[in-house]
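See structure below.
By letter and in written order, the chains are A, B, C and D; residue numbering begins at 1 in each of them.
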Amino acid sequence: MKGFQLSSREYQENDTLIEINTASKPLVIGQGHCTIIAGPCAVEDREGYLSIASFLKEAGAHALRGGLFKPRTSPYSFKGLGREGMEIMLEARQLTGLPLVSEIMDVRDLDFLYDHIDILQVGSRNMQNYSLLQELSRLDKPILLKRGLSATIEEWMLAAEYILNGGNKQVILCERGIRTFEPYMRNTVDIAAVALVKQLSHLPVIVDPSHATGRWRMVAPVARAAIAAGADGVMVEVHPDPDNALSDGKQSLTPQNFSLMYRQIMDIAALQNAELK
Amino acid sequence: MKGFQLSSREYQENDTLIEINTASKPLVIGQGHCTIIAGPCAVEDREGYLSIASFLKEAGAHALRGGLFKPRTSPYSFKGLGREGMEIMLEARQLTGLPLVSEIMDVRDLDFLYDHIDILQVGSRNMQNYSLLQELSRLDKPILLKRGLSATIEEWMLAAEYILNGGNKQVILCERGIRTFEPYMRNTVDIAAVALVKQLSHLPVIVDPSHATGRWRMVAPVARAAIAAGADGVMVEVHPDPDNALSDGKQSLTPQNFSLMYRQIMDIAALQNAELK
Amino acid sequence: MKGFQLSSREYQENDTLIEINTASKPLVIGQGHCTIIAGPCAVEDREGYLSIASFLKEAGAHALRGGLFKPRTSPYSFKGLGREGMEIMLEARQLTGLPLVSEIMDVRDLDFLYDHIDILQVGSRNMQNYSLLQELSRLDKPILLKRGLSATIEEWMLAAEYILNGGNKQVILCERGIRTFEPYMRNTVDIAAVALVKQLSHLPVIVDPSHATGRWRMVAPVARAAIAAGADGVMVEVHPDPDNALSDGKQSLTPQNFSLMYRQIMDIAALQNAELK
Amino acid sequence: MKGFQLSSREYQENDTLIEINTASKPLVIGQGHCTIIAGPCAVEDREGYLSIASFLKEAGAHALRGGLFKPRTSPYSFKGLGREGMEIMLEARQLTGLPLVSEIMDVRDLDFLYDHIDILQVGSRNMQNYSLLQELSRLDKPILLKRGLSATIEEWMLAAEYILNGGNKQVILCERGIRTFEPYMRNTVDIAAVALVKQLSHLPVIVDPSHATGRWRMVAPVARAAIAAGADGVMVEVHPDPDNALSDGKQSLTPQNFSLMYRQIMDIAALQNAELK
């Protein structure tokens, strides 16, 4: 594994720290902070999104996720509200002061998303969409790069290299499960990859236990494991009414379960920081 | 597996036949014809490409492949000649009368490629690049859709559905190996998937044994197996001097080995057509 | 891949030929012969087994398979007739003159099976049961060694090495599909592995398309592909009444479909032999 | 997933607790205890084994592992001292009072191992060696059942069912990584499987981060993740001089690193017990 350079510990020994300005104090990602990004899979309606955003702010989340453009395996599935959903996300940021995370799928949406979104997410299906990566490499905006469904660690690091190589140093890696033979869960969380990438690279690494498992009962245990393995945070799906979500309801936490998980992982993060110092 | 509809045998019982006009007689793909697409991985230089094109015409190939835009795992690898290579491909078509196959990676290249290329290829990394699929769905041009590295058969069919659903009925499916634990070859050819898709769908299916195995010694046996399993053709890499190719030399056939393979698979195709009738 | 030695082409350049004495002419496996082993998954009842055995003899099969001891994932499934089924198999051999193939799972059954069975099969679950392999290595009896569910080619060859290393040179390798993420079929046939192993090793290689796909409609296409890729034969499940089989009915051919497949693969084998000479 | 019954929460709601008598207080596994099994991969020599055993006793380990019979992929690798190593293990138990864990590969070794070893381990290669499982099902001795290299969770539970079904209720499940496409580590730890099995089953679950990753630097992070995900303990390899181990040196902890890991996972275990109560 020699191909990646700019993301390696040899190139930069100290952890990258990513800072995002917000209405109140800046959000920092990396260097031992435990960052929690949360929200529903897709932005569905104004009232629901604002309500969950307010809850998450109170509950301690650090950033709001919300899908506007949803990659869907079937052309017949709900694809997100698209540009129309942006007003809702902006209102949520206004209300809570939390920065926004949303996925970009098409280079032609870049200007639009750049103007409003604080962290641009590259989904697993687009991890090797090099045209997109090259455009993102020219931005002064953090990129959350999900690992591809069957990407090796090396390929994932090389996708990050595309972004770093163009000049954008603000890359956050996100492990979201890989595809294996096991049918019971949606994907298989590669927990050792988290620890390995933290050793090989200075970039922050977070874990998405919601997409990784596809089952809400697994979200808290996997989130705890992620932080224990050294991850810099988690991104989880929370929905006010998971049973009636338009997408990914089965993997969404209720607000109450989010709060339980929050406390558990913050305790582990505190323990880690105390011990590793 | 119920999600795909337009590509199913239930929707259309008879095999789709794709016709491509050429200077001489039209190229047909599907319905028992054995179509051979061949050429070097990337267009590298004028002389070499024209020379291999002439050879392939003489040797019986039906279409010329040539990479202009190459998706590469590392940002530091050769990425193809891009638009500058098009003149070379056009000259090869002029010389041989063979239609051209080349990969599209970026929606912004669509007009340029549409004007010149006869079959647009979607690579495995872009099989779920839905923005690209939707643009291609509006064209009156055949699309060669490679199976994603770890795409299930259903996901592959649903990617085809994106193209069909927009109105473009000319989809050619291409099995190019899936990612498994086996390290010896680049990918694992899913030969049963070829037979299965031929049963489930009316679309033509071809196999790319070069990318699937990554080893030229495997190309002829896998090509024979593909035709024996019911594939409508193969796409293979041929290079005048594989040892000095800028990309994928290890998996490229020499002209001489191409001719050997050609005779073998045409004999099997004849046998299949005789028996299945 | 350097670990295996005795099975390599470097150690022995020419194909191993395995000969099994029968009441009439000896059965030979390897060196371009196309050997067809057929029978029901499990020996279930006398009448059914004798009837299918007679049919298979007439239809041209070269050996009879029949499971006495069946490895089953659940302790609650039918596990085969065990020793009681042997009388039926012996009667079938008497009737047809065809040699018998059956699986050994336990070293304590070795003497019993050795006395009656002509080819001892090691199933995929036991490919790395080294105690068993070592016992088999001391026999003067052909061993049909199935590839493990997720065994690399190297591990498979090293399992064969255990048998060869003890002095038993009569090993037949059997590709039966590997486990991948693809859910539609039971396993993924690794067709390129067949071609590769034929290049690396002098041992005969056959394919089991029934277990590999788990679907009878895939058996004939995959069997054709196997022979086209260079396999020395196939092992297929045939059942007089697949819908009522006690195990693996979905993947069993009817007698009629066996005959169709038989003709197809013999034609391809003839073509291969003509061309490769 | 309906096949397994006796191991399910529906059959027994409360966690199984396994007790092993020792010279001092009994070792208990399950019900929130964090059990640490440690030792070198193989018993290699008397002095080294007794030395590491004494260290582990002092450092707080609860049981000693030691391989006597080692399953090795190649017939040419070191296979363990076999029966000759038992004297060394027995002396270590005498010295430390810690119970012994060792692998059984062959039913013919059962009486010998039963007489001396406290927990019999079934390795991943033998998870579906049903003859062996059936023999173990008749014992009054705890069985540590490793998950097969590519076993689904269901298949793993059904292997446990073989043991439970014969009357032996003392089964400890051990996740040790599954085989995936990722080449960087030996296997991929399926951390979510730990959480899932704890929900589905009353049996204790431990994790083997040494075999799962094959890299000692990954052992502590994965061990922490395991406990955070709800595992009942870990089994790790410790070697006084990993660089000169006869097998698996790369994945062995030094005594010093074992102590570091020990403290980390005990802290997480304490946190989990405090929070989950």
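Throughout what follows, contacts are C-beta pairs under 8 Å (C-beta built on N, C-alpha and C of every residue); 3 or more make two chains touch, one makes a residue touch a chain.
Since this is a predicted model, take the numbers as computed values, not measurements.
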Common touching chains of chain C and chain B = A, D
Task = Would you kindly say which chain has the C-alpha centre located farthest from the C-alpha centre of chain B?
result = D
Inquiry  = Please tell me whether the contact surfaces of chain A and chain B are same or different in residue numbering, using the over-half criterion.
reply    = same
Query = How far is the middle of chain A from the middle of chain B, if each middle is the mean of its Cα atoms, in Å?
reply = 35
Message = On a C-alpha centroid basis, what's the spacing between chain A and chain C, in Å?
response = 49
Key: Residues of chain A touching at least two other chains   = 150, 179-181, 183
Request  = Chain touch graph shape: choose line, ring, star, complete or other and state it.
outcome  = complete
Query = Which of the residues in chain D end up touching chain B in this complex?
reply = 150, 179-181, 183
Inquiry  = So in the complex, the part of chain A that touches chain D is made up of which residues?
reply    = 1, 150, 152-154, 178, 180-185, 188-196, 198-199, 209, 212-213, 215, 217-218, 221-222, 224-230, 263-264, 267-268, 271, 275
Remark   = chain A residues touching chain B in their complex are 3-4, 71-76, 105-108, 125-126, 128-131, 149-150, 155, 158, 161-162, 165, 179
